[in-house]
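We call the chains A, B, C and D, going by the order they appear; numbering starts again at 1 in every chain.
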Amino acid sequence: MSHAVDTRAPWRVSLGNIIFNSDTPAGRAFDLLLTVLIIASILVVVLDSVARIHQHYGALLHGAELCFTALFTLEYVARLVTARRASHYARSFFGLVDLLTILPGVVALTLPGAQYLLSVRVLRLLRIFRILKLARYLSEASVLSTALRNSATKIIVFLSVVLTMVTLIGSLMYVVEGPEHGFTSIPTSIYWAIVTLTTVGYGDIAPGTPLGKTLASLAMILGYGVIAVPTGIVTVSLTQAQRARQSFVTCSRCGLQGHEGDARFCRRCAEPLPPEAAADPERR
Amino acid sequence: MSHAVDTRAPWRVSLGNIIFNSDTPAGRAFDLLLTVLIIASILVVVLDSVARIHQHYGALLHGAELCFTALFTLEYVARLVTARRASHYARSFFGLVDLLTILPGVVALTLPGAQYLLSVRVLRLLRIFRILKLARYLSEASVLSTALRNSATKIIVFLSVVLTMVTLIGSLMYVVEGPEHGFTSIPTSIYWAIVTLTTVGYGDIAPGTPLGKTLASLAMILGYGVIAVPTGIVTVSLTQAQRARQSFVTCSRCGLQGHEGDARFCRRCAEPLPPEAAADPERR
Amino acid sequence: MSHAVDTRAPWRVSLGNIIFNSDTPAGRAFDLLLTVLIIASILVVVLDSVARIHQHYGALLHGAELCFTALFTLEYVARLVTARRASHYARSFFGLVDLLTILPGVVALTLPGAQYLLSVRVLRLLRIFRILKLARYLSEASVLSTALRNSATKIIVFLSVVLTMVTLIGSLMYVVEGPEHGFTSIPTSIYWAIVTLTTVGYGDIAPGTPLGKTLASLAMILGYGVIAVPTGIVTVSLTQAQRARQSFVTCSRCGLQGHEGDARFCRRCAEPLPPEAAADPERR
Amino acid sequence: MSHAVDTRAPWRVSLGNIIFNSDTPAGRAFDLLLTVLIIASILVVVLDSVARIHQHYGALLHGAELCFTALFTLEYVARLVTARRASHYARSFFGLVDLLTILPGVVALTLPGAQYLLSVRVLRLLRIFRILKLARYLSEASVLSTALRNSATKIIVFLSVVLTMVTLIGSLMYVVEGPEHGFTSIPTSIYWAIVTLTTVGYGDIAPGTPLGKTLASLAMILGYGVIAVPTGIVTVSLTQAQRARQSFVTCSRCGLQGHEGDARFCRRCAEPLPPEAAADPERR
C-alpha cells in the first residue's frame, strides 16, 4: 500500500472503500452481490455451451450475458475511477482479469460468431478469489498455501524426477510397442506414461505385446511407490505449518529466521527477540 | 433430552427402553434382530434388481418384501407409541428415514409397477448407523469423525480450489478439443476434468489433438500434486485427534513431560501427577 | 509350543531341525533350496497357462511339474515324519497349504484335463511367507504388520462407511441411469461405484445422462476426499509403531499395558515395572 | 577420489576443473551450456519421432543431430583427456552413459535406417542429473533421497506382498473369468491385477461374469487399503529426515528440550548449549 498523500475526492474514497474493502457492511454487501453476479454469469457461459440449451434459450442467455457485461463494465469503470492509482490497478493481475473477462462480451456485441472466445469469460471465476482474499474469512486457506509454498522446492525436484521418468519410460515403450498399438511417437508415448504413472489410465492407448505389458506393469508398480512422495511432502509440510507455530521474526543481530513460537532469544547468537515473536495472535 | 416429567405408561417406558436404548440384554437383542432384518431386506432389494433373479424368484422376493414392510411398519408404530414424544421422533432425521423406507413397500402393495421407487428402500442402510451409534461399541469411529470434522473447513477450501480448477481446465479443453473428440459442451468437459483430476480416468472421453494431450498431461501432473493435499489434511488431523489424549503436565520431582492422558503417576520416578493431567478438557 | 517330553528318535529331531528351523547352516540351505523350488514351480504354472508356450513346451513343463510334485510330496512326508506332532502339523494352516498344493499335481497324473484345478498350485507362493517368517531377516515386516494390526479397527469402520456409500450411490445410479447405459442391476451399479470410488475407472460402465454424470462427478469428488482417510490412518499408525517404542510390559498390580519405552513405574498405580520394559533390544 | 600425485599437465588440470567441477564461473557456464545442449538434443529426438514433423523437417533435425553428436563426442574426448584417470572415468556410470548416447549418432552416420536405435539418445537425460549433482543447488533433493533410502527396506517388503497379492488374485481371476473376457493366461491376469490394484484401470481387460466382478470389487477395496501403506512409509520417513535436524539436548539452566539442530543458545533463557547439540552425527 502506498503511503503517499491521498488526493482523491471524498466520494471516490468512500466508494472505493465499498468496492475494494470488505470491512464495512456496505463493502460486504457489495462483495456478496458481486459473488452472486460472477457465479450467475459463469452459469450462463457453461449452460450456453450445451447445444440443446443454446438452441432453446440462446436468446435469453445472450440477453443475460449482455446485462452481465454491462454491469461488469460499470464495475470496471468504477474501480478505475475510485482506485488510489488507476494505472496501478489497471496493470495489476486482477485488473487485467477484470478487463479480460468483459472484453469477450463487448466483442460478442459486434461479432456474435466468436463463440470460443466467449469461453474466456470463465476466467471470471478467478475474481471470486480476490473477494475471498479480501474477506479473509477463510484463514484455513493460508495454512494450506503456506504448506504448499514451503514444500514447493521439494515438489519441483520431485516433478523433475517424474518428468525424466516419463520421458525415459515413454521412449522405451515407443521402441518396444511401436505404432501398431497406438504408441505412434515419443510425445504420444510420454502422454501414455503420464496417464499411467498418475494412475489416471484412460485406456485409449494400452500396451499390446507381452514385453510392453511387462514394462507397463513395472512402470505402474514404480508409480505406486512414487505417488507416495508428494503426499508425504505435503503432509510433513502441513504438520509443520499447523503445529510448529514458527514465528517469522528475524533476529536483529544475525538475521536468523524460523524461530520456534516460544523463542525469546535467538538460538544462534542469543540476541533477545522482539516480543511479537510469541504473541502474534493472528498466526495459527 | 427433555427433562420434563415422563407421563408415559409403565409398559410404554419399558418397551421404549428396549427399542430406543441398548443398555439392557433385551435392548441389545432387539438391535441385533433389527440389524439382521435390515440387511436381509436390503439383500432382497439388491437381488430383485437383477433381471435373471427377478424372473425366477420374483414372487418369493416380493413376498419377503411384504413381510419386511409389515415388520418395519410394526416397528415404526411401536416407536411412535413408545417414544417420549411421538411428534419429536416423527420429525427427527431417523424418524423420517424410518417412514420413507416403509412407504415404498406400502405403495408397492397397490401399484406393483413402480419398481424404481422401490430402490428408496436401500436407504434402510442408514438405519444401521443409528444402531451403531446407540451401541457405541465403535469408539474408533469417533476418532475418525472428530478428525474429519476438525479438517472440514480445510477440505471445503480445498474442494473450492479443485472446483475452480476443473471449471477452468474443462473450459480450456472445450475450446481446444471441441465436440469431435467428445468435448461437446463445457459441462461435459468439466465432467472430463473431474474424471481426470481424481485419477478415475474412464476413457469414455479422452483428448485427441496434440495440444489437448499436452494440456491433459499438465492437468494430470497438477492433479498428482493436488491429490496429496486432502491426504495431508486428514493425516495431520488424525495425528492431533490421536495425540489429544497426551497431557502436557510436567512431573514436579523429575521434570518429565509427555505423560499419557490417563497417567496419575510419573512413569520415571512414580511421583503423583497433578490431577489436571487427565481432566483438562480444553487441551488440544 | 508344547512343553511335553520329546519322544522322537534322534534322526527325526535333527532332520526336523533342518526342515522346520533356520538357525543352522543346513536349515538355511534347505530354506534357500525350497524357495528356489517354489518360485521355479510357480513359474512353470504361470508359463504353462500361456497358450503359445503350452503348445510348444507343454510336455517339458508337464515333466517339470511332475518333478516338483514328487519333491514337494517327499518334503510333505518328511515334515509329517519329523514334526514334533504330525497331526498338529497336518492340521496347521501351512500344513493344509502344503497338502493342497501337491494334490493337483497328483490328480493331474491321472486326470490330465483338469487344467483349471492346476492353478491351485499358485498357492505355493504362501509357503514362501513361512520361510520368511522363520528366517526373521525382515524385521521391517513386523513394523508394517504391527501398524496394520493397530489400525485394523479403524480400517474396518472406514470400510463399512465405504460399503454403505457404494450401496447408496450404486442404487441411486441404477435409478438414474437405468439399463441402457450398462447399469443393468443394483449389484452391477455397486460394482461401478466401487470401480469409481477407488479411482480405478475401467470405463466398461460409464454414466451417459447429464444427471448421471453430475452424480458421478459428485461421487468422484467425494471419493477424492475419502481416499485420504485410510492413508491418514496407516500413516498415524506407522508413526506410532516406529516412534513411540511402547513396551508391551504389563503392570503386575493393576494390569495396565501400553507403557512408554522409558517407563520404570506404572503410570496408573506407581508399581515398579520389570526392567525388560525399557531394555528389550529386539523391539524397534 | 584418489589421493595419488596429480601428474596431469597444467592445461589439463584447468580444463578438467571447468568440465568436471562447477565451483568456478567458467565451470558453471560450461554446465549451463551443456544442460541447454542436452535438452535441445532430446527435443530433436522426441520431435523426430513424430511422423509429420519427420516428414517435413527430417533433414533439418538430422543435421542438428549430427552437430549434437559432434559436440558431445568432442566433450567425451575432452573428458577422457582431462580426467585425473581416463580409464576410471570411462568405466564409471556416467562415462558409460556419455559413450552410449553418442554411439547411436555415430552409427546413424553410416546406417541411417536404424531409427529405433536412435531412441537410446534419450538417455542423455540422465546426464542432467550429474550436472545437478555437481551443482548441489538442490539440497532438498537430498532430504527426499535420504527419506527414500531409509524406507527402501519397508518398500521392498511391501512390494513383495503386493507381488504375491497380484499373482494370487491374477491366478484366481484366470480360473474364474477364463479367456473369453480377455483373461487369456495367468501373466495377462497378473497384468490385469496390477492395472487394477494400482488403480490405473485401463479397461482393456475387465471382468465380465458376476463372480469375477465381485472378486474384482474385493481386490479394489483391498487395493484401496493397500495404497495407503507406501504413502504412510514415505511420510514417516520424510518426517524423520526433516526432524533429524532437531537435537535432543537439554538446556542446563532452564531444562528446555527440543532445540533445533543448529541451536547454539537456549531460545528461552539464552544459556549456551553444549556443542554436541549440533555435532552428533549418529542421532536419527
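List of remarks:
We take it that contacts are C-beta pairs under 8 Å (C-beta built on N, C-alpha and C of every residue); 3 or more make two chains touch, one makes a residue touch a chain.
To keep track of the chains, here are their UniProt names: A, B, C, D = Ion transporter.
Note that this is a predicted model, so its numbers are computed, not measured.
Using the average of C-alpha coordinates as each chain's centre, A ends up farthest from subunit C. Taking C-D and A-D together, the chain pair joined by more C-beta contacts is A-D. Subunit A maps onto subunit C through a rotation of 180 degrees [Cα fit, steps of 5, range 0 to 180].
A separation of 43 Å divides the Cα centre of subunit A from that of subunit C. If each chain is reduced to the centroid of its CA atoms, subunit B and subunit D end up 41 Å from each other. In terms of their C-alpha centroids, the spacing between subunit C and subunit D amounts to 31 Å.
With centres taken as mean Cα positions, subunit D sits 29 Å from subunit A. Counting partner chains per residue, subunit D shows two or more touched chains at residues 187, 190, 199-203, 227, 231, 233, 235, 239.
Taken in their complex, subunit A has these residues touching subunit D: 153-154, 157-158, 164, 167-168, 171-172, 174-175, 184-187, 190, 196, 199-203, 206, 210, 213-214, 216-217, 220-221, 223-225, 227-229, 231-233, 235-236, 239-240, 258-260, 262-270, 272. Across the interface of their complex, subunit A is touched by residues 199-203, 231, 235 of subunit C.
Those residues of subunit B that touch subunit C in the shared complex are 42, 45-47, 49-51, 116, 119, 122-123, 125-126, 128-129, 138, 140-141, 143-144, 147-148, 155, 159, 162-163, 187-188, 190-191, 194-195, 198-204, 227, 230-231, 233-235, 237-239, 242, 258-260, 262-270, 272.
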